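Here the structure is laid out as structure tokens; the discussion comes afterwards.
Lettered A, B, C, D, E and F in written order, each chain numbered from 1.
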């Protein structure tokens, strides 16, 4: 049975919503897998998990109704192959700034003749069935990040590389590259212009337009044409609550004493 | 230099507020240590961390301005000694239901002649100074949990055991024991009566009255006389946010399409 | 939705077949969960996994069509509570030799008023739903091991303890206790007599008769009335194959040279 | 004392047989080390172990009568240096498709003046003696994988690179690259022709001809001239047994009921 | 082949010298195993390793010329059985203060009929051979710690318990129990008297007299009749060197500037 | 509050002394952090820690009075970004042999517009404050290693690359590259000449001259102009003591018997 892919999740005009796991706690990945997200991303680049934690996190979500993705630390074929071997059904690859970068990314995600991924189906045959390798090139999503001015300038050429399934905008790095303060949103040109340019190119090339956002920005990004929008997080709410609760309680205790 | 103890935190009528770490992510312990809590508890009983994670979590918070505590899985001298050896400055010990239970708990927390804790100052001498062992019996908090009807019935005798520094009410287990649904609050007799009885006994015996609560309950518990109140959490807010964000975003995306 | 329990698996006269995971490799637990076993046991007593590995192994199998069980290292309430908190739907508890041992085992497995298990539903509410705690006493299997002469002698009294769901014979330890060489099978009285006595007592007390076996013994044990039979293993076949393959290949290489 | 090297194992026309460890369980590495294999490979590319597991696995086998090798995830000098520092006596390096790839591989395996490996003998001096660094260039095997059509086409030039000790054919990737289904054997030209071409080139260049196989294929590969043949595995037999045992037992139980 | 036991190491009047591993670094265990010690102890009580680290540490030293021992956290049959299952050839058990304590310790170390240890030879059959279980009762050392005034008072009865192989004095805890400052040596009665009393009792009961010491104390303890003397450590020298080197270097740098 | 940087430690002509952590034991990192070193380096290249251990080690030292640095395995932007994300305040990068190598190193260490580091402040905002990202380019030290003849030849061009904060000589690799035996010191030309050449270039370019040394060499290196000198170690003293103690004790025991 073919597992559900990211492409399946945007069929018929649907918009895929995702969660982002930065902490080393598989329970949070499992919670996200069960919460109703179309995809869950385990972040190896800016999150805290290394390969040893990614393997059980993928196990924790592989039979929840979500598509398991991993953001790898860098565009390096070793780690791309390993997380796909561990059962990820797609990889988000940072800092794809040129056609050459994109070609290397696709090569690492696809078996020959579409690419140069090395085959090792220990996990995926167990988990997804013995015929999974023959459908892997179809199911696995190759998702370059567009997050620099250079990448936006070359976005048409980058997205024209065969095998690119989605483009994923990293707004904080894009902001830095545009000379703005790093932020998930930076209203005004040039930021909005860059987003529009990427979304347009995606439409032209039949590539899923994706972006890192949050729940408040979901409507706005959707209206701008994005169909893969990350809106849920584990780390930020936990830390925010830890910080808020002590303040609330301190006030309550002080007030009560008055 | 003597590290700050739980007893220091309730000097001069102050109320100690605490955070509770259930997940296996030292960063959340560190965040709690920096957020302004008087104490941070790493929960080995119902949380997910085992000894291997507790050791680095204690390292992560030992120089933040908080008192590092551990809830051990059970009243067992091996694990009590090990978390104290790893630098915890107090242990919360589940299901102390009798004088005998309390005596065993104190024995495990104190060096002779006050108890029977075995000495092994590898970590604590490095972290707190070579003279720490001589002050450990004074600094380390022994905190039995009062969480059954039987314990409430015997609370005066339990708290009279020399070496008990605080009593910590587990409201969910206490509720179950009283025939109520498990909850952090269960207004009405017999729950409120049990809390009052424990708080009164604490006052009589010079023991810190503690309770598991949350930020909304802080004022109420303080008004009832509790001076050690756990109000911050890592797991619940993270999971709540994960669940809420997808709903919010789904609505936003749907609304926008209308 | 109530997860499937061990008791469900023996409904209507069915016999539950199980796999036994001794190695620290969650992929093998996952493979067992997918292979068609009624239950999978993660062995913490004689296997190599500690609590830190049990947590992700339970995640790996919780949504496969099997019942996740753990054999704990000993009849100790701390570890019984923790593996149940981590999502095990039953515990196999070694060396239950007396009514008192059995009572302590049941107490550790059941919330009040049926026992004294402490409540902490962080994982189980996430995984099995918010109403899981209210059904836990019904779903969770308490499975004492009968594996000494003393236990066989007292088996009627042991199985009469309310809350015992199954009896699980450990044939190697039982053999040792009977003065025989340790083995999974030891044809002849007194071994066969002991098995019969336990199976009979199970029938009288409405308790599932279980036994550690292997695939070759499955038919024989089933014929003797056992309805919970462990037949699959990870470690022994892996090690046997490692040993056999070098011999086979060495012979082939040598033969070819002739 | 110089530890035994891979080259020692093929002295005087001997054929080296190897085991392949894919799971994160050091006991299986140890079992392989004791079973009589000439070499044991810990697979970091398609296996599940990361560097944190490779270190203890190498400890587990370093004093068994086998040569410890590691397949690294990719031709990257950082990880090659680290596994050699951890005591591996050789590395198998994926996807060496050109002379330039081979030169980079050798550079990463050899200290100056033969290469550019950085020196850090913490483990190896402890394990193999203080004079080990001076013999490392001689003992450590540099083993490029030949697993694409391009590599086969350039195999003479690749194997002519000084410092290449063996060539290791990856038959599944080679099959893919040749347009065949991935398999450990793919009888018929072009697969057999490619194998012959590599084996011939090895003979011409004094390089050990190696190949990934299994116990059934050992004789055939040996007859084709291969002298380093991997025939033992941990993962496949374990998973096969898990799958087979439930079927066998289910049939036995059903049959018995008839 | 029977592995070398602690008893073998004191044959013919020899004195066994040991190393003590407190840190979570298997390389240090391996270094100790190769350094010439008769035994190496992995300390789970006051050291930092949990079961997950003990397993690979035992692998790291099992084929070095030393006897692998573990100090368990407490006299608890679960953990005693598990470290023996993992290949320890003896356990040092803290705080054995009575005949009853000693009987429980022996029971946990010996298979029936000598005790009640549960059998699970996954590791030991792989490592030491399939016949190891039949020799385990002979090879495995059961080593109670004598470290309180009460234990010294009852030492004759404790050492008379069949199955006790050695007595191991913990001088720091013994000092505390005697009202002295905790130290590895505390010249003068009552400390010296207690040591003499234990050594005498050992001689009478044919039990190996053991003690925690250091290299400087080795001669003195040997002269007092001890035949199992721990003299090597990992943690203390590492920390001492870290502290000394900065002082030395700071002085050198300051002096040079003068 | 801006954390203290390596540059702060060499203000006003001060010389920074450092410790080097090679073992996987966070307690040793903590001990070094408390011992008075200006910086502590966690060595991922030739040390045993992988990313999973580096994260808690950085937590262990982040609030001690030292500057936390990491030596990464190789000049690879993925791992450089990750250790900086985990809170390192500088990276030592091996084998920087050319201007191009140095440019890539700087790019990986600096946010735009000074470089191309990707932003992900999960840890650093929690630990160092929400304004840390804006000061990161100033605080984080980019420290190329100069450790080959080629690098010494090009040292002026390498150190002229904007963003290089220090040069760190690796004397063992430099020795190898110069045709000498690998050693921390190799008196005589060409070794001393190479050191002088690097130190001179540092002075010309306003770059901190750093070197791997030991406590005995500290004065000599300081006299040669080095201002960042690593003098403390965890592994070597631990292993030296383990080896020495058994010899000392064996002699004492033998002598006593005479």
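In this text, contacts are C-beta pairs under 8 Å (C-beta built on N, C-alpha and C of every residue); 3 or more make two chains touch, one makes a residue touch a chain.
Since we're looking at a predicted model, the values are computed, not measured.
Asks: How many Å are there between the centre of chain A and the centre of chain C, using C-alpha atoms for each centre?
Replies: The computed centroid separation for chain A versus chain C comes out at 40 Å.
Asks: At what distance in angstrom does the C-alpha mean of chain D lie from that of chain A?
Replies: Centre-to-centre distance between chain A and chain D: 34 Å.
Asks: What is the distance in Å between the mean C-alpha positions of chain C and chain F?
Replies: 51
Asks: By the touch rule stated above, which residues of chain F touch at least two different other chains?
Replies: Within chain F, residues 27, 31, 48, 50, 52, 55, 76, 79, 122-123, 126, 235, 239 contact more than one other chain.
Asks: With chains as vertices and touches as edges, which is it: line, ring, star, complete or other?
Replies: other
Asks: Taking the top-of-page definition of touch, could you list the pairs of chains it picks out?
Replies: A-B, A-C, A-D, A-F, B-C, B-E, B-F, C-D, C-E, D-E, D-F, E-F
Asks: Per the contact definition, I'd like the list of chain B residues that touch chain E in the complex.
Replies: 50-52, 55, 76-79, 81-82, 85-86, 111-113, 116, 118-120, 122-123, 126, 133
Asks: Looking at the complex, which residues from chain B come into contact with chain A?
Replies: 15, 17, 19, 23-25, 27-28, 31-32, 35-37, 48, 214-216, 218-220, 222-223, 229, 231-250, 252-253, 255-257
Asks: Which bits of chain C are touching chain E when the two form their complex?
Replies: 22, 45-48, 50, 52-53, 72-74, 76, 79, 94-95, 147-148, 170, 172-173, 176-177, 179, 182, 235, 239
Asks: Quick check on the complex: what are the chain B residues that touch chain F?
Replies: 26-27, 30-31, 34, 55-56, 59-60, 63-64, 122-123, 126-127
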